[in-house]
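Right after this note come the structures.
Okay, so subunit A shows up in both of these, paired with subunit B first and subunit C after.
Here is the complex of A and B:
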């Protein structure tokens, strides 16, 4: 799972709607890719980002991204380090934790398992 | 200044031609116009009236190059010097105007050219082609440029075409309906189809979408460089693979890990490696369409998918089987727990898909999906959502006499409001799917005359019932 994917995600439970992000991250194995900087994509993705999520995962992975301001859009260094965090860092093993209900979603072989157990769906229906 | 060009479409998929062209004009911000009276001719299946030739008007030749760089259903685009119903008319139109002479000078002076004869609905051998070329010998265009079969160094080489439009399956083949003479400027993006040939792909599934239709779907979704694209029923990843090829960053979800990942060495991700598109692959999630794992925010530029309709691959979602009592899952077992799945009714799949699109698409972002239908399809069958407007549902591919599939394109026009657009507040009017025919597609597909809604292929039935649980009661 690349960091960008994390930034778009939220807890799947209905009762966490609007409160289930950013998901907490525990990372036991990660890899860093070396992909070419894609300016067009970063420009397009910036308005969609959840900056709280960037801050949270940046701290966890010890990659600091300075706070986003109007000038950041023109700052090549900022855009490059943002791209690096979003698209080059891939979590292979770890877990995601909902900030609202504390549900833990495992990540294995780079794929987050966002499936709920059937009794959790049942809980949702009951509420 | 506007310029007129002749487009020659490929013969198949007539009802997809103009929607694709319109989508590409929008994608490249091209001011495109064509005679609206051509629509029934271009989209027709009827051999008496159909034709793959249509004039379009754009601002410059650059626009032509942009359109053809992505168009899957365009064979070639021409600058036409002259047209007519007969060779006499073609010649007199070519010779008798100063304007024509100017056009020839612009396109041919100082260049070399060769001539080819292309006939739609007829085949000519080389000898016959030469006879046709001789019919043009009394023309002034020979004064412009030099004939050469092969390009010469340092000189621009042109391909001139005599185009004869006979039409397919016409009993009287005495004469063409229309003749054109002009310079072939460029071909469509047909090479991309061969690049993504299914036989060459290492990781494949039974429901992998063929590359031609995948590429058309990506065009309808206005996928381009810098975009973020999602397929919520990703399977082996045909749509996201071609979307990545179009320059987008892509994500996929599936409820079945086995569909996305067969082995460590052969899975959805290795396909991206094989095509050199790894940089555009963001990843996949194991996730259930009925409980999506995305924030409610404008995130995706396009959502492109072929939802499971229970014809070949049955739709499933997590839930309790009816015959099983609810029991606590033991603590500490959660990581290895594989949830039970129950039947996921098609109208429900569609409603969830549209809600996902309403919640996560950007304004102007597109939802593109395939829907199996019969010829009795009505617009009221389609799912609707107050945040989405329908762009096109006329593109239909026949798969048998009884049924086929339709490519539906929608666009997000209003932002999702959690209170206003809560499921409980929306009526049948808002959500569509009024007695939809896709609520029981298996009975349509496997229907046989005289047998009351029995599946046609018994092995198919067995396969289905082993993967889905409560299908038996539908049959």
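Here is the complex of A and C:
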């Protein structure tokens, strides 16, 4: 699971709608990919990002991104490190934790499992 | 028309064995028609210049890997989902085998990817489209790759009302339909959500009449 994917995620439970992000992160194994920097991509994605989520996952992965300001858009170094974090850092083993209901979603072999169990879906609909 | 479709260069799937295909949908005529149709539409795809490309139900990963090779990975973010964990893993392996950089999520449609709504520029779906008894739609594993319930439409119809919120303004949505799915009905449902359509692929394969339909605003 790449960092950008994490930034687009939220708890799947209906009861957590609007409250289920950013998901907490635990990471025991990660890898770094080598995608070349792309200015257009990062410029396009910035308005959609949740900066709290970026800070949270950055801390867990020990990659610090300075706080976003208006000047950041002109700061080549900022954009490069942001792009790198979003697109090149991938969690292989770990878990995601809903800040609202504490549900844990496992990440194994690079793939987060966001599926709820039958009983959870049932409970979710009733609540 | 079918014979005019160019044959697209297929991604490598030699890392998957017959054992994998007991649990994961093996690329078949629908998958082949899908990639041939994307190849045929490549100029429009390049003009669209999509940033976020997502496939729902990627199975072996054949289609999402293909499109990443077709459009290139630089400046584009490829994702796929599958409800079947074996399929999600197969998709990830196929991506790795072809250096495609696809990020895979094990989920139903795009559940859990709440914040992606409105950002997907290309959405791809080769759904479970075979007409079956409704009970089969709930089944897991390989059955979920084809069991479509009444008219083969039960899974498709769950996704359609979500499409307008999922897609970005300029996005393309490509879907496989067979004659039994009543493609005209699907087109009119999508029309009611403000989408135009184009048939970008059509082929007769054994007992199926397959269509690849592209929807856009």
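Here, the second predicted complex is superposed on the first by the 127 of 127 C-alpha atoms of A that agree within 3 Å, B and C clash if a C-alpha of one lies under 4 Å from a C-alpha of the other, contacts with A are read in each partner's own complex, and residues count from 1 in each chain.
Methods note: a residue touches a chain if its C-beta (ideal position, glycine included) is under 8 Å from a C-beta of that chain, and two chains touch if they have at least 3 such contacts.
Note that the coordinates shown come from a computational prediction; the quantities given were computed from them, not determined experimentally.
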item	value
Which of subunit B and subunit C A:10 touches, first, second, both or neither	both
Partner chain(s) touched by A:1 [first = subunit B, second = subunit C, both, neither]	both
A:43 touches, of subunit B and subunit C: first, second, both or neither?	first
More subunit A residues in contact - subunit B or subunit C	B
Partner chain(s) touched by A:111 [first = subunit B, second = subunit C, both, neither]	both
Partner chain(s) touched by A:31 [first = subunit B, second = subunit C, both, neither]	neither
Touching partner for A:119 - first (subunit B), second (subunit C), both, neither	first
Residues of subunit A at both interfaces, subunit B in one complex, subunit C in the other	1-2, 4-5, 8-12, 21, 35-36, 38, 40-41, 44-45, 48, 50, 87, 90, 105, 109-115
Subunit A - residues contacting subunit C, complex	1-2, 4-5, 7-12, 20-21, 33, 35-36, 38, 40-41, 44-45, 48, 50, 87, 90, 105, 109-115
Subunit B-facing residues of subunit A, complex	1-2, 4-5, 8-14, 17-18, 21, 35-36, 38, 40-41, 43-45, 48, 50, 87, 90, 104-106, 109-119, 121-122
List of subunit B residues in touch with subunit A within their complex	225-228, 249, 251, 253, 255, 257, 260-261, 278-279, 282-288, 291-299, 301, 318-320, 326, 328-329, 334-335, 337, 339-340, 362, 418
Complex interface listing, subunit C residues touching subunit A	51, 73-77, 79, 83, 85, 88-89, 92, 101, 103-108, 111-116, 119
